[in-house]
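In the two complexes below, subunit A is the common chain; its partner is subunit B in one and subunit C in the other.
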Partner chain A sequence: MIANGAEDEEKWLAAGIAGLQQNAFYMHRALDSNNLRDALKYSAQMLSELRTSKLSPHKYYELYMRAFDELRKLEMFFKEETRRGCSVIDLYELVQHAGNILPRLYLLCTVGSVYIKSKEAPAKDVLKDLVEMCRGIQHPVRGLFLRSYLSQVSRDKLPDIGSEYEGDADTVVDAVEFVLQNFTEMNKLWVRMQYQGPAREKEKREKERSELRDLVGKNLHVLGQIEGVDLDMYKDSVLPRVLEQVVNCKDELAQFYLMDCIIQVFPDEYHLQTLDVLLGACPQLQPSVDIKTVLSQLMERLANYAASSSEVLPEFLQVEAFSKLSNAIGKVIEAQPDMPIMGVVTLYSSLLKFTLHVHPDRLDYADQVLGACVKKLSGKGKIEDNKATKQIVALLSAPLEKYNDIVTALKLSNYPRVMEFLDNATNKVMATVIIQSIMKNRTQISTIDKVEALFELIKGLIKDLDGTFDDEIDEDDFKEEQNSVARLIQMLYNDDLEEMFKIISTVRKHILTGGSKRLIFTVPPLVFSSLKLVRQLQGQEENPFGDEESTTPKKIFQLLNQTIEALSNVPAPELALRLYLQCAEAANDCELEPVAYEFFTQAYILYEEEISDSKAQVTAIHLIIGTLQRMQVFGVENRDTLTHKATGYSAKLLKKPDQCRAVYACSHLFWVCDQENLKDGERVLICLKRALRIANAAQQMSSATRGSTGSVTLFVEILNKYLYFFEKGNAQITSSSIQSLIELITTEMQSDSTTPDPATNAFFASTLRYIQFQKQKGGAVGEKYEPIKA
Partner chain B sequence: MVLVLALGDLHVPHRAPDLPAKFKSMLVPGKIQHIICTGNLCIKEVHDYLKTLCPDLHITRGEYDEETRYPETKTLTIGQFKLGLCHGHQVIPWGDLDSLAMLQRQLDVDILVTGHTHQFTAYKHEGGVVINPGSATGAYSSITYDVNPSFVLMDIDGLRVVVYVYELIDGEVKVDKIDFKKTTTTQSAH
Partner chain C sequence: MNYLIGAFKPSCHISITFTDAKNRKQVQLKKENGQTVMVPLFQSQENIAGKISIDPIQGKKVEHNGVKVELLGQIEMYFDRGNFYDFTSLVRELDVPGEIYERKTYPFEFSTVEMPYETYNGVNVRLRYVLKVTISRGYAGSIVEYQDFVVRNYSPPPSINNSIKMEVGIEDCLHIEFEYNKSKYHLKDVIIGKIYFLLVRIKIKNMDLEIRRRESTGSGANTHVETETLAKFELMDGAPVRGESIPIRLFLSPYELTPTHRNINNKFSVKYYLNLVLVDEEDRRYFKQQEITIYRLQETS
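So, the complex of A and B:
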């Protein structure tokens, strides 16, 4: 039966249309020959097709539209008839003789339209008559379409303010009354549909009802467009009557649709002024109505209204919109203890957005909303439902987007409490959102309590929540996460040095809970922040009256030592070595010799015990030499010890070329240009000669193992170093020693056993060019270089 | 006219959160033909960002770079000029021009670009030009106090290179330029 249903419907519709068209044809013939009687006869027959019960609303509509079009022509004919002398009152009487009630009423409405236009009776009287006569049709679908027809034809004939139909007897009150009555009856019919037919077809019925809902809603649109319906009339008659019908019909579908309609159709200022009434209706609705969507829609509209112009904001305050809405939400949630979490959060999310738009300066309101949300969620533990989680993230992102300034969001005491309900993964996502907001707005965080509050929010990134490391996290994601924390640390800053030190200590405390995987990301930025602070303290005069508690470079260095030490747990010796050397240089600038020495010691220990990869050793030794070369703070003994060790390490590097280069780099340790007492020409030469010996050994090794002596590039490099010190005035480097070196290189290069190397040739050539150039300079330099023959 | 961007020592995220906003808005993709970077980016995100500005990207290794496989030195030819690139922590004493000149002779280049000191310099000597683009983020340096963010743009045209240095001083971008001409009598090795 059901399978055939659709086919059958098509057949019936086709039959209905055929019947309609046939009668319409005859009706037209009658119209053309001014035959009123026949016109009425055939039009009634035509309209009889609308008496069918066999069509679904969708199909009935098709039939209805054709009838509608034909009735327009009939209406024109009626108008002509009245002009030809037929009394409209008689016409009104005549059509009531039609046999069946439905065609009778359609004809009556049609004539009624002409009647009102003729103004032979007050519009209100005709309208009242029609709206009551329509009660004769109690079949839902037929009745809805009939009343819809009445609404359509009367639309432009309502006695609105300024309309031609307004008069002493006719006012907008009557217009409103008419529409309200039609609406009420239509809603009743619509609700009745729910109870027609067997229980198993409930879904089908609901679908059909859905298709018809706009017919009912149209009445509210009409009300919304009546000019005479001002705020007072809306408040006093329209809204109460409409709500009465909505509440009393006790139908879920109708209630949901109509509440939404009211909100969409009438102006936002009206809603503000009738907030009590509107919200008061909500708890009276059926419990199954999706009230949260209704409320969310309302709040969204009001939020947009507030955003549209700042002039309307005082209105919100005047009607106490915020407290009314939050109370209403509270009541709704209480009344529906089974409301899913997503629903609860959506409500609060809409309320929060509303609050942010309407009361942007009232952080306490925003906090209140978050607090209410926390309360409702309490006891539920971490939220598992994805949709609910998404809503919570939306809730938390709203203040960030609105304020563009994390500092404001940090003042919301309930913010972190809401974050507690997120599962670990989402918590981290939210933390990242927060950090991105800070980076985007380049916000500086400058007090400890803000830093503490911030780290509380992002604790999912700082350490392992629940004590276990999340093994499933992707390595790249983890790196990105930690790098963003590192960047964040750069944004924590205060000009006041005491405050800055406190910030650094606080951050340190937090990152040390991060575990070894996180330290390599978080320790460096903290170290450099601290070194920047040291430099600022340097610039300040030492305060002789300063108390014990004040920050000094020494205190910071102690902190730094302990912090870098933590890297040994990772382990990260290469990084730690670099950081120790940075601290050593900073201690040097503060003239703290013991502190600088301590840092060097730590660096050396790491070099000896932890750095075994040759490439890493080469870089490390250059960093050590480069740093040591710049140290001015060491006394002779300390300097000698450190230098001796450095040259020792250099000579013990694995590959000969690396040894050679490190050793000649050490030569600079004995020659510091701006300090006369640190220029030891002899020891410079000793280094360079040692480098030469190593270069020779390298050649011999190469000859033994490969048959050729390899390239002479090391010799050219050493030659350049000779020239460097020669020019700087090292008396131990003579022009003859340079000459011999040049000859050595020339010989080697011409020798058959040497591998030709264009790069080395070019290097040698440019070195010789340099010598020439210096000779040509003249003056003291030229004289110096004169004895050297290239 | 070939535009070469030279920059380095960004030290993101260890010492700086990001490039200054004013620099970022100036550096748009498609305008630069080559980027040479002295090193110490330090993370992949910076590498990827630079790649979006220009696909021809050359980087040498700085001691804090996450990517340890960048080369210690690099040479490339652009137009009539041979350029050399090196981070500079390998050349001791750090920042010493004579020692850098030695590296320049060794690499046999007209223009040597190095970093490490975070201090912009452009120095001409008989062998060519030594340029240090400074730190693009103004990162902390143990060697230089009060580092201003800076980078260099070289306009190479025939035998002439104009070096534009952009420095962010007190929130404003200041530009300076230096002209260098390569004399044809300078014999670069072939």
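So, the complex of A and C:
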């Protein structure tokens, strides 16, 4: 059926064009022979083709354009005819003898154009007559095209200011009156189109109407281009008249399109000065009109206008643009109870952008907007609609983008309240956006209030929100999020140490709510941030404020102890161990022996109770040894206890090579170069010998189980330790002991049962080369090495 | 043959000329045989004067019982064709009985002739003015010659000329108000008006304004009425909605109208009507007819 309809339409169009061309041909002949009577007759017949009702607007347009071209020729002819002495007034009458109204009016407009040009009558009178006579066409499509033709031929003939058709007085009024009237009539026809024809074709008609909208809108363009329309006239007559038509037509499509047109075609300055009128119309529009897009466009234009020049800003203040827009939005939302949340948020988002551009200094405005938005959203719960969520994100991102500074946004008390409406996933996205903004701009968050506010904003990342299930979260995403939180924690800084301590306490309070999964990400940065503070305090005098309440390293360490403890519940013993050791080292620097001891104790407890994986143990023991070696705060007793424990742990490692390495590492615990009281050469030697024994045992074990003694790497490594202490002046390490160790290694390497290992060989060779090098140095060192034969 | 034809030919040639023939306006007149000829134009109260020449055929004499010229105003009903009713009849005797041997010219004059009716050519009736020259002969039959002329009478603009305004409708279906600016129009006038739609519940396709001429002839039981539509002028295309007003501007000059004739000598009347016709999508016609008076206004040229 539909296919047939389209086919039929093609046929009708073809027939229409054929008829038109045929009559145009005869018309041309008449024009060529200056036969006015025939020219009128055939042109009327030609135009009769436009009387068809069978074509869709699209096809009708095609036909119209052909007729339009022909009418241009006819107009030329009329012009010549008047030059030849034919009175244009007679012509104007003559064309009105045509019996059919549509051809008659097309001809009348064509002669009317010549009439105005002849200036035999004031342009305004002719225009008024034409626009009145066109009322005879009540058929929507035919009427629209006819009036469009009128608009087209009259465009350059309006009695505008400065135009050659300008009359005596108030001439612009006539021009405006003409265009307005034509606009009004066209809009009526356009709207009426919707109500004619069967209901089932409603959609099709809507589409067809949409195609015709520019015919109507063109009038507004013309109005916009009339020079003489100044602000007063726009305010007093043009805008009220146009709006009256827009509001009264009660048509969704028309209202939306025309409001948009008004905003686009008239200058921003006018909009600003007529805001109340323009905005006043909005709540009167049909509830289904997409008013949010219209208002958004308006606000966007005004914002751009404000941005164009600083000189226009006072105008905005003078007309109280913000409060007017704000009120209007409120009213529109009230007037359209069915407006989706997305629309509501879009409106506020646009308003926010507007105020950010126009009044960047008025943060209270921005907060008002957010507050109003919260009010409208309240009671709606979390917003599920995807589009609405997107708009909320846009709304929240606007201040960040504008100020490039989260600090400003943090002053917006309603900001977090808006975030409440986001679903959890989006809330997180928004939080990440905020953090990224901070990172990008290297914003310093330096007061406790701001920190509190910030954590309120990003709480979606800090802790589990209601209704989130762990399995919903992608692990990589989670890591990404938590890493950004970690980075954020590092960004929180204040030179004032008291304040900084408060910040740390606040952060701590928040992150401890985060649950085990987050702590491993958030505790380390907090710990290091705290340690940084400790070191700063350390640089100052003890207790700079001299009062009990003030921050001391001790207090911080207490806090840290508790913080790290939280990790044990995670559990993350290895991480906790590292952090304890870090703290211990810091405590060492602050010369707080008991604190340092406590941290070590915690570390040891973790080692004993929680770290059972042998690889982890190896790592842990080396960390312990390394840290302990650097500790200077301990008294002999404490140190002995800790050293003893460490050596004990070393000897109890599972794998022999690990044992061996841990044990020789322990040797350093007894020999700290810059501390005379910590140079126990004997115990160093004991350690090394023990290491050698273990290495031996390892080889034997290897040969027993695998049939080969394995590598001699361990021996070479021990040799290096020997050389180290030898050089450092440990008297227990003698050149002969080194000599014998070298020989042992050489023998071992030549043994058949030893598995050749190029790396070890190279290692050994370079060790020997080092000895040789030291020998050649001569002097004290050379002397020392002299006895050793490599 | 020539001899025979000559025997039946009239023995003389009669020509009628008007005194001011050169200056007098000539207008078209449609004759019974369908041809149009140009004839002089007069109006009531004018002097109709001229000359009549009688020119005997070479070598013949015309013997007669007297020569006269008559000015006749006649009404001819087509159902009674050939039977003229003379409402005006004036006679001038030109010559006493005698013989005419050679060309003889007689001046004549009818002064301030009362010609109250206009020349009219209708569907069923014709009103004409004619000059009739008669050379009376006894046994041979009279020789008669006619000269038509046209009479048009001009009226001053009427002192009272009200507009026609009327509200009509079909209950709950269609209510309109229309207005024509005058009730009396001259032949080259323009009808200005508008139609205001008060209620539209039908799907109107278009609206036309027709000019209709109603010619009634005879009287009493023999009255015969003939109606013609002289003009069909489209006023509106498409369906209006409530509140629309549609302008009317109809130039009368293109149409062949005559003044309104009321009860001409009890023989006929010619009346004009404006007929407003609305056509709906099912081609039903809704109309309202209003009589208008048409008069002839003196042309200023």
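The rule we apply is simple: the second predicted complex is superposed on the first by the 777 of 790 C-alpha atoms of A that agree within 3 Å, B and C clash if a C-alpha of one lies under 4 Å from a C-alpha of the other, contacts with A are read in each partner's own complex, and residues count from 1 in each chain.
Methods note: a residue touches a chain if its C-beta (ideal position, glycine included) is under 8 Å from a C-beta of that chain, and two chains touch if they have at least 3 such contacts.
Since the model is a prediction, treat every value here as computed from it, not as a measurement.
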item: First (subunit B), second (subunit C), both or neither touched by A:A175; value: neither
item: Touching partner for A:M439 - first (subunit B), second (subunit C), both, neither; value: first
item: Touching partner for A:Q196 - first (subunit B), second (subunit C), both, neither; value: second
item: Partner chain(s) touched by A:A67 [first = subunit B, second = subunit C, both, neither]; value: neither
item: Partner chain(s) touched by A:Q138 [first = subunit B, second = subunit C, both, neither]; value: second
item: First (subunit B), second (subunit C), both or neither touched by A:I788; value: neither
item: Residue contacts with subunit A in the superposition, subunit B compared against subunit C; value: B
item: Which superposed partner A:E93 touches (first subunit B, second subunit C, both, neither); value: second
item: First (subunit B), second (subunit C), both or neither touched by A:M299; value: neither
item: Contact residues common to both interfaces of subunit A (with subunit B and with subunit C); value: none
item: Residue ranges of subunit B in contact with subunit A within the complex; value: 11-18, 21, 43, 45, 63-64, 89-90, 92-94, 98-99, 101-102, 105-106, 108, 126-127, 139-140, 142-143, 145, 187, 189
item: Sites on subunit A touched by subunit C in the complex; value: 51, 93, 96-97, 99-102, 104, 132-133, 135-140, 142-143, 188, 192, 196
item: In the complex, subunit A residues that touch subunit B; value: 439, 442, 479-480, 483-484, 486-488, 490-491, 521, 524-525, 528, 531-532, 535, 578, 582, 585-586, 589, 619, 622-623, 625-627, 629-630, 665, 668, 673, 713, 716-717, 720-721, 724, 727, 758-759, 761-763, 765-767, 769-770, 773
item: Subunit C - residues contacting subunit A, complex; value: 206, 231-241, 244-247, 249, 251, 253-254
